[in-house]
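Letters A, B, C and D mark the chains in the order given here, with residues in each chain numbered from 1 onward.
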Amino acid sequence: MIILLKRNVERSKVDELLRRIHAMNVQTQEVHGVQESIIGLIGDTSAIDPEDFKSIDIVAKVKRIQEPYKKANRKFHPDDTIIDVCGRKIGGGHFQVIAGPCSVESREQMISVADSVKASGAGLMRGGAFKPRTSPYAFQGLREEGLQLLLEAKKHSGMPIVTEIMDKSHLPLFDDVDIIQVGARNMQNFELLKALGKVNKPILLKRGLSSTLDELIMSAEYIMAGGNENIIFCERGIRTFETATRNTLDLSAIPILKQRTHLPVIVDPSHAAGIRSLVEPLSMAAIAVGADGLIIEVHNDPAHALCDGAQSLTPDSFDETMQKVKKTVEFFGKTMD
Amino acid sequence: MIILLKRNVERSKVDELLRRIHAMNVQTQEVHGVQESIIGLIGDTSAIDPEDFKSIDIVAKVKRIQEPYKKANRKFHPDDTIIDVCGRKIGGGHFQVIAGPCSVESREQMISVADSVKASGAGLMRGGAFKPRTSPYAFQGLREEGLQLLLEAKKHSGMPIVTEIMDKSHLPLFDDVDIIQVGARNMQNFELLKALGKVNKPILLKRGLSSTLDELIMSAEYIMAGGNENIIFCERGIRTFETATRNTLDLSAIPILKQRTHLPVIVDPSHAAGIRSLVEPLSMAAIAVGADGLIIEVHNDPAHALCDGAQSLTPDSFDETMQKVKKTVEFFGKTMD
Amino acid sequence: MIILLKRNVERSKVDELLRRIHAMNVQTQEVHGVQESIIGLIGDTSAIDPEDFKSIDIVAKVKRIQEPYKKANRKFHPDDTIIDVCGRKIGGGHFQVIAGPCSVESREQMISVADSVKASGAGLMRGGAFKPRTSPYAFQGLREEGLQLLLEAKKHSGMPIVTEIMDKSHLPLFDDVDIIQVGARNMQNFELLKALGKVNKPILLKRGLSSTLDELIMSAEYIMAGGNENIIFCERGIRTFETATRNTLDLSAIPILKQRTHLPVIVDPSHAAGIRSLVEPLSMAAIAVGADGLIIEVHNDPAHALCDGAQSLTPDSFDETMQKVKKTVEFFGKTMD
Amino acid sequence: MIILLKRNVERSKVDELLRRIHAMNVQTQEVHGVQESIIGLIGDTSAIDPEDFKSIDIVAKVKRIQEPYKKANRKFHPDDTIIDVCGRKIGGGHFQVIAGPCSVESREQMISVADSVKASGAGLMRGGAFKPRTSPYAFQGLREEGLQLLLEAKKHSGMPIVTEIMDKSHLPLFDDVDIIQVGARNMQNFELLKALGKVNKPILLKRGLSSTLDELIMSAEYIMAGGNENIIFCERGIRTFETATRNTLDLSAIPILKQRTHLPVIVDPSHAAGIRSLVEPLSMAAIAVGADGLIIEVHNDPAHALCDGAQSLTPDSFDETMQKVKKTVEFFGKTMD
């Protein structure tokens, strides 16, 4: 961290600032230019918020140099983390497709979709039991009953399941879930993240609608700081001025996250675009840019889906897309096992 | 709601769509143009998500015409809602200033700040006990102990207190809090909103960093649908590309919210700008644009604040600002009682 | 400017970098920490682009410390610039209202609007002769003929006129225009800015839809570097995700621009909101936050305006707003002379 | 276009509105619901701005249904446009790579880069002679001299050249240029677009930093309305809140532009990311998502480049990337001829 001082400040005030910094167990080094003086902070500054210094009257600017994350940082863990979910591997050259409906609606639906996405080559199944909806009057998911139907589909198909948690008080219900998803709106629900740090299960952490990549990594750091290092990032589009797509899929996020951290990253083309016809081209692009997996909405009857039908593939169109996904994953040197 | 059909669609498919709409207890009316056909939905469409229709192959576009909110809607409640907190009124011509530190740090701090902001004319006191922080390594607030210190400051000063809740499981701790604040990151924590719908206390609902005004209103609707209609909106800046300020304060939000709803709206100039010198001019602008109150950070020693010192006023500068606030509120025809 | 070096770099490469920097007539100072080394650049770095150093393999980060603008910088010109247009002063405590239609449409319209806005207290008149329109099929303005009608209205009313230029080749047509406006879409039309640097007339420089304040200041610097230091900034809203208003008016821009530069700043509430009912509250907020003027659309018949009728005031509603503007300007200590 | 009327409006006002619409040579159809009435406009509404109706007091909302572009619209030109530049084809299954330095700096540089990018498989050469720079003090390009050096490199290598125009007055200098580039900052320089409509040359139209896809298409429509239908779109990143990359590359734009128009679309990964290490993964993603080409910055000595060195590839790293580009283009079924 670098602190730039204002011009012509009193020495006594600089000394007081230095004492304050040293009290944080951080060393300092001063540089005095013709017009400017700089204090460099040397040591572990991850617990220091640069904002803390901005209120001091002799300080002009504060710049963080080192990344504020440790456990997620690739510098300290150069090898890719590989998440193993019941034998399905994600990361480190292993690619997985997670498929299923936006909402769990009925036993027949789940069994039917499970059979078809498994046949098409999906490795894991998704389905929403607790649904975050903008309106209190919209369908809120089948909740506990939905989780039961998901677990039945898991038993039937043998596919591990991924589903979203909306509140830490629901955690006991998620005992048999294989991957717990944190949705975009809860990416900075810090009490939930702390609770997930105590869980021994992979967490699929979706990027918030207006979260920077550094904030996303810090949310992973919250979970990891609690002891659970099994994090999978999910890029699902950010909110911008463009209205042609529901969100703007930020595929640059994938190489950036992989440079900065050792964690796997998957892409959700269905929610990003909100348009069925974009799911396949964005899936191809996600594989090409280096993603470790895809999460795709598939519904046996999109026209009658209780939410997000507009972006759901039918089992048939998912099957066609999967033929291309398999070839493309292989072309780019990854394996789907 | 209006559904625009694609060109040259089969009549049987249109009939099927009409049956499906009628099953939602909504009437329809068709218009057939030379090239386009439109179905108008007549009745209460608040439980219908326009996305539900976009997946149907004969549908080209869907547009919502009526607002999806009822309880917050000014159309059905033309009079301003006035929130009364221990005799301090907010809304309907009544203006309040809420002041205090970002974080509760110590008894001395709270007593000292309470005395000074009360003397300067603040009507309510704020202070964070549970603190949402981007980094797990940063100070997380004094939590339960912080709430106790707030309640002591309330007892000492007689000022009602406002503080943030971060998880619905903490609700029992908030029994003696006067206004419960929902922070920007939790604006769409729907499980929390539902729980607050069962509480008999005013809720200060802050706008999310990338939330539209309609989403903010829908979050109020979540709380109101549960039975608690005491909502105060808070505009605190949105996330944009501009980096000169921490967030971009959207003052147009105040007249828009007041046109669309009957609820009071206050402004947080401290968090919006993140810069001490902008707190006063933005406070003046907030009063001028029609806000019903301000929430301002005041710290007895900003240079040693444990968070957000850069935007905190000292008691002295807050006092100067309050002299202008009082005159300006009066100039614009509101009362601070 | 500060250059942070990567860890463990070869001394010979650092020396080569130092030689390269010295060749730019800039001094350097080195700081060596335990893990990091920093080179501080001392001197005039305004012609240096920080990007230039980012491609060098030993460089980790580059941060600019000093502002890259000189002529606009308040540090070097502490006093407010006051622009005098035929006796109407803008800046330094002087406030002006510029009013008129979006587009010049006819002689009758211009004379009628000129008479009414003058009577209401506007100091200058605006009107678009060259109109930037998103569609090539939309009305493009009366162009040369429109300029003539503006000049007739000026002759008739005695009010100085403000109108937009869209291409530097049109400059000869603007000889009798009093203030030349650069629209948001041309804020970074650098060839136009350079040409305006050679003109001896005030320039009203509107902020681009997605321009940072520093970019806006640099565009002023383009004009000032050419010799024309008569710049008036105009905040007119930025593009964000919010769709309730056409743009998001960024009123924090006013105190920021005034802290960083010595130039006057006015606000365009009409284009920012795109909604008639927001013009008055946003005008009040603009005065309160410290703006030096307003530019407001007024049309004698908004329902038949050839563009932007939705945001135009009628002469009557403008007159009502002006009564409040005058009192509010006085309340905040400025004069309209 | 659909006009939604307010409730309980007078019949005489509706009739007046209908007369006004009919005067625009557009037919109407009315629908009367229980609470709402709608007027549908039938016919060519491309010259009508929906804003025009918003100022009318009986109008509640106006929604455009049909796209406002005609010449660019795929509905009326179902086949892909193929641009042929001296035998290099772009679009309709043909893929081209345009490579070269950000700025033209010297004859040696241009000959050297031309030789190497041609050997690596680039089909066209780029280089900036007129450079848009944020600061007036930064290098502005070699201008006319730069164009000469580009033309020499063309003569030497046989590769067609692409270079940016910044003002319509420079057009005569571009007679021997093969593709004229309109930069992001000039995407809505409508006077320039009109001038380019009279030119018989392909135009590479870059998306503005905060332009929607519909605005980009309308800018193409400006050129096409003038008679020049040879447009190539270029997605080069949009401005968002994320700072990890210089801009956010919006790859969803490619399938959307291809659905809505018949024009080819290329991608500029160098400017989008501003980071050398992202050029290759984003190039792969661009091919996978369906782009018709790439424009990549290559500099023989990025560390000494006069602008944008941080994102330039060296000839060697470009050669490596091109080996992958060729295989990937072939894998996705396009040809580079």
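The rule is simple: a residue touches a chain if its C-beta (ideal position, glycine included) is under 8 Å from a C-beta of that chain, and two chains touch if they have at least 3 such contacts.
Please read these numbers as outputs of a predicted model, since none were measured by experiment.
Engineer: Going only between touching chains, how few steps reach chain C from chain A?
Structural biologist: Contact-graph shortest path, chain A to chain C, evaluates to 1.
Engineer: Centre-to-centre on C-alpha atoms, which chain is most distant from chain C?
Structural biologist: Computed centres place A farthest from chain C.
Engineer: Compute the distance, rounded to whole Å, between the mean C-alpha positions of chain A and chain D.
Structural biologist: 32
Engineer: How many angstrom lie between the centres of chain B and chain D, each centre taken as the mean Cα position?
Structural biologist: 39
Engineer: What whole-Å value do you get for the distance between chain A and chain B if each is reduced to the mean of its CA atoms?
Structural biologist: Going by mean C-alpha positions, chain A sits 26 Å from chain B.
Engineer: Would you give the residues of chain C that are in contact with at least 2 other chains, written as numbers and ranges?
Structural biologist: Correct list: 210, 239-241, 243.
Engineer: Which of the residues in chain C end up touching chain D in this complex?
Structural biologist: Listed in rising order, the residues of chain C that touch chain D are 46-47, 49, 51-52, 54-57, 68, 132-138, 140, 166-170, 185-186, 188-194, 209-210, 215, 218, 221-222, 225-226, 239, 274, 276, 302-303, 305-312.
Engineer: In the complex, go through chain D and note every residue touching chain A.
Structural biologist: 210, 212-214, 238, 240-245, 248-256, 259, 272-273, 277-278, 281-282, 284-290, 328, 331-332
Engineer: Looking at the complex, which residues from chain D come into contact with chain B?
Structural biologist: 2, 4, 27, 29, 31-36, 38, 40, 42-43, 60-61, 63, 65, 210, 239-241, 243
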